[in-house]
Amino acid sequence: MTRFPPDWLARNRDLVLAQLREHLELTLLTVLIAVAITIPLALLARRLPRLRTPLLALTGTLYTIPSLALFVLLVAVTGLSRTTALIGLVAYSLLILLRNILVALEGVPAEVRDAAVAMGHTPRQLLWRVEAPLALPVALAGVRLATVSTIGLVTVTALIGYGGLGRLFLIGFQRRNGTALLTGFALSLLLAVAADLALARLERRLTPWAEAAPARTGGAT
Amino acid sequence: MTALWRWLADPAHWSGPNGLAQRLGEHVGYAAAATAFAAVLVLPVALWIGHTGRGRLLAIQVGNLGRAIPTFGLILAAFTLFGYGLTPVYVALVALAVPPILVNTVAGIRQVDPEIVEAARGMGMTEPQVLWRVELPIALPVLMAGIRTSAVQVVATATLAAVIGLGGLGRPIVDGLAQGVTYNPAARAMVLAGALGVALLSVLTEWGLAAVERRLAATRGGATHWNITD
Amino acid sequence: MRLIRKGAHRGRWVALLALVLLVAGCSGGDTAGDDPTETAEEFERGAITVGSTDFSEQEIVASMYAAVLEDAGYDVERRFHLGSREVVLPALEKGDIDLYPEYVGTALEFLNGGKGEATSDTEATTEKLREAFAAKDIAVLEPAEAQDRNGLVVTKETADELDLETVSDLKEHAAELVFGGPPECPQRPLCLQGYERVYELKFKEFRPLDAAGPITWAALEQGDIDVALMFTSQGVIADKGWVLLAEDEELQPAENIVPVVRTDALTDEVEELLNAVSAKLTTEAISGLNRQVDSDGADPAEVAEAWLREEGLLD
């Protein structure tokens, strides 16, 4: 028998704001850490092509482990701490980011690279002046995907004591409180959509030369 | 790790209503049914949208929105509405499966070279024939990629069924957590077993559907050519 | 393009990366404010983390503890619904939380591996519990009068159909009945293990659900399970017209509610405040509060605080 107490939101404003903040913190930290890890990895894979497959395989394997299981297993090691949540969240972003950054770097047309080398660019200049700018759109698309997926995954950490807005789902579920559930749901949905839109706009702003790309093989990575 | 092998080697853990075999079967069942249902639900609409071009912006928005929906929240909300049972599981999993299929199908059809479509019309084909015999075969790889993405996501997410008291490979994970992963090696083994099961299923699904994709592409004999005598 | 023009800008990228890693490193720690080197005296009105396991009574009682501590000036962090005891007790040992409400009988049997030391004698059981926890640097305060034991519940229809009044009545029917309870039930000496041993109940099937929460109620209501593991202080049993079977054998011991606190978080004041709550907490009181939350959908914290005010424990 689910109730929808209309004043729940007003009475629990602090809780909702605290959970929203937790959600934002976890998401931001996750994406920053994941990017910080992935960029060097991608550059390494670019320098040593042999590493490409193993790296993708490793991050890919992490990705196939169901998120809930990874969090639960981490509890055995790092307890009910925020570290547990972060390790799991970062692990899931790694594949998306790595794959996208690698594809982005490889997507630079060979002719452009050859032309740049012919013009006398050193490998380092090649990377920073030519490849990175051209790879930015696809790489940013990866960051966008990773961010939206992290926002969803943060809610699952409610089962190990965190959850951000996911905690509101749990509260609503356990107390048969529809308002709490809806609030959590709506806010996380809004957050994901807002992040998606904001990052899409950033993508367009930073890469004015990129034409609207023809639909790639779908929303799939 | 040895605790895991010992746990897996014990036949008691495989049989019975709470055994791994049962959980595996349940998991495959949830995932397959949800993906299939999503495909059946969405494909006709998506094909039409792709072919006529009408509503494609809406389709993209729905696709984006779908990606933003927190599945965990959806399953809990559905439980609150429908109670204990399979309905909430399917509501959540189908909602998860729809966006990639929708987006990919629309994109795949839109990507077909308009000259080919015009040529087909010029040959006297009706609109449904154009869609069926020309656009769909060409778009098939992209379409299948969408189904494949959906299927893999659904396999991973079906673990959430356990959170509302149902089965699947999420059950050993949730039960293991409740039984204490910190001090209980058997509980840890259970969680690992569930995790590996899902990982394995994910990989098998990915490969299996990729193989189906390749087979379909091969029998079509090339993506851009179709035989006039067909 | 602004971002990447000259080689000199590369240095900025490195700096940015370093900053990111630094920020991540600094804020990647726990939010629970516990420093194991602080002694009990230095912990004056510092931060305390109150935890709870995963059912509403726990949240109500934990909210009481949190409210009185906060009222006295402590900086209280609430981490409720963390999971089963198997999850929460390690968290307490580790310091992820500082205290939570326990039940003297089950806690003792949990720590001693099901030896059967818990009896219906509250004082004796509590003493043994203190000994068991002492090795872990965890203090057991004064137990409340309120008790909450495990119990088996069936619907009225089932009770009428099979003529069930006591748990022993289940014995001859168990093989056709589906039993639902929390996932940790099969390994708990006072849960399924105990019922199998003492009452010789062999159920047809065990369904892992939740700790007498919404999943269990729904499953029982819908007939997906026949017998549910619930808690004796849950008013929802009576509200739904369900039948709590009487325990006619010696299985469930004393289960008084008691706060268990890490010694490095325990000051005399904390002890006094929490004991004051326990002194007034009766089974009747907690059952009433449970009912408000479970059946009427009230907020556990509000219900707890209202009760505390009534009892003069909170201004």
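Quick notes
Note that the chains take the letters A, B and C in the order they are written out, and that residue 1 is the start of every chain.
In the analysis below, a contact is a pair of C-beta atoms (placed from the backbone, for glycine too) under 8 Å apart; a residue touches a chain by one contact, two chains touch by 3 or more.
Predicted model, so just to flag it, every value in this text is computed and none were measured.
The most distant chain from subunit C, with centres taken as the mean of CA atoms, is B.
Pairwise, the chains sharing the most contacting C-beta pairs are A-B.
One inter-chain figure worth recording: subunit A and subunit B are separated by 21 Å, centre to centre, where each centre is the mean of the chain's CA atoms.
As a whole-number value, the distance joining the C-alpha centres of subunit B and subunit C reads 38 Å.
The multi-chain contact residues of subunit C, meaning those touching 2 or more other chains, are 83, 87, 90, 214. Residue positions 79, 174, 177, 181-182 of subunit B each touch two or more of the other chains. Touching of two or more other chains is recorded for residues 75, 79, 159-160, 170, 173, 176 of subunit A. Interface of subunit B with subunit A (complex): residues 63-65, 67-74, 76-77, 79-81, 99-100, 103-104, 107-108, 110-111, 142, 145-146, 148-149, 156-157, 159-160, 163, 169-170, 173-174, 176-177, 181-182, 188, 191-192, 194-195, 198-199, 202-203. On the subunit A side of its complex with subunit B, the touching residues are 2, 61, 64-70, 72-73, 75-76, 79, 148-149, 151-152, 155-156, 158-160, 165-166, 169-170, 172-173, 176, 178, 181-182, 184-185, 188-189, 192-193, 196, 214-215, 217-221.
Contact residues on subunit C toward subunit B in their complex (touch as defined above): 83-84, 86-87, 90, 182-184, 187, 205-210, 214-216, 218-219, 221-222, 224.
Partner subunit C is touched in their complex by these residues of subunit B: 17-18, 79, 83-85, 164-165, 171, 174-175, 177-184, 187.
Across the complex, subunit A meets subunit C through its residues 3, 5, 8, 11-12, 25, 29, 32-33, 35-36, 39, 75, 79-83, 86, 124-125, 128-129, 132-133, 159-161, 170-171, 173-177, 206.
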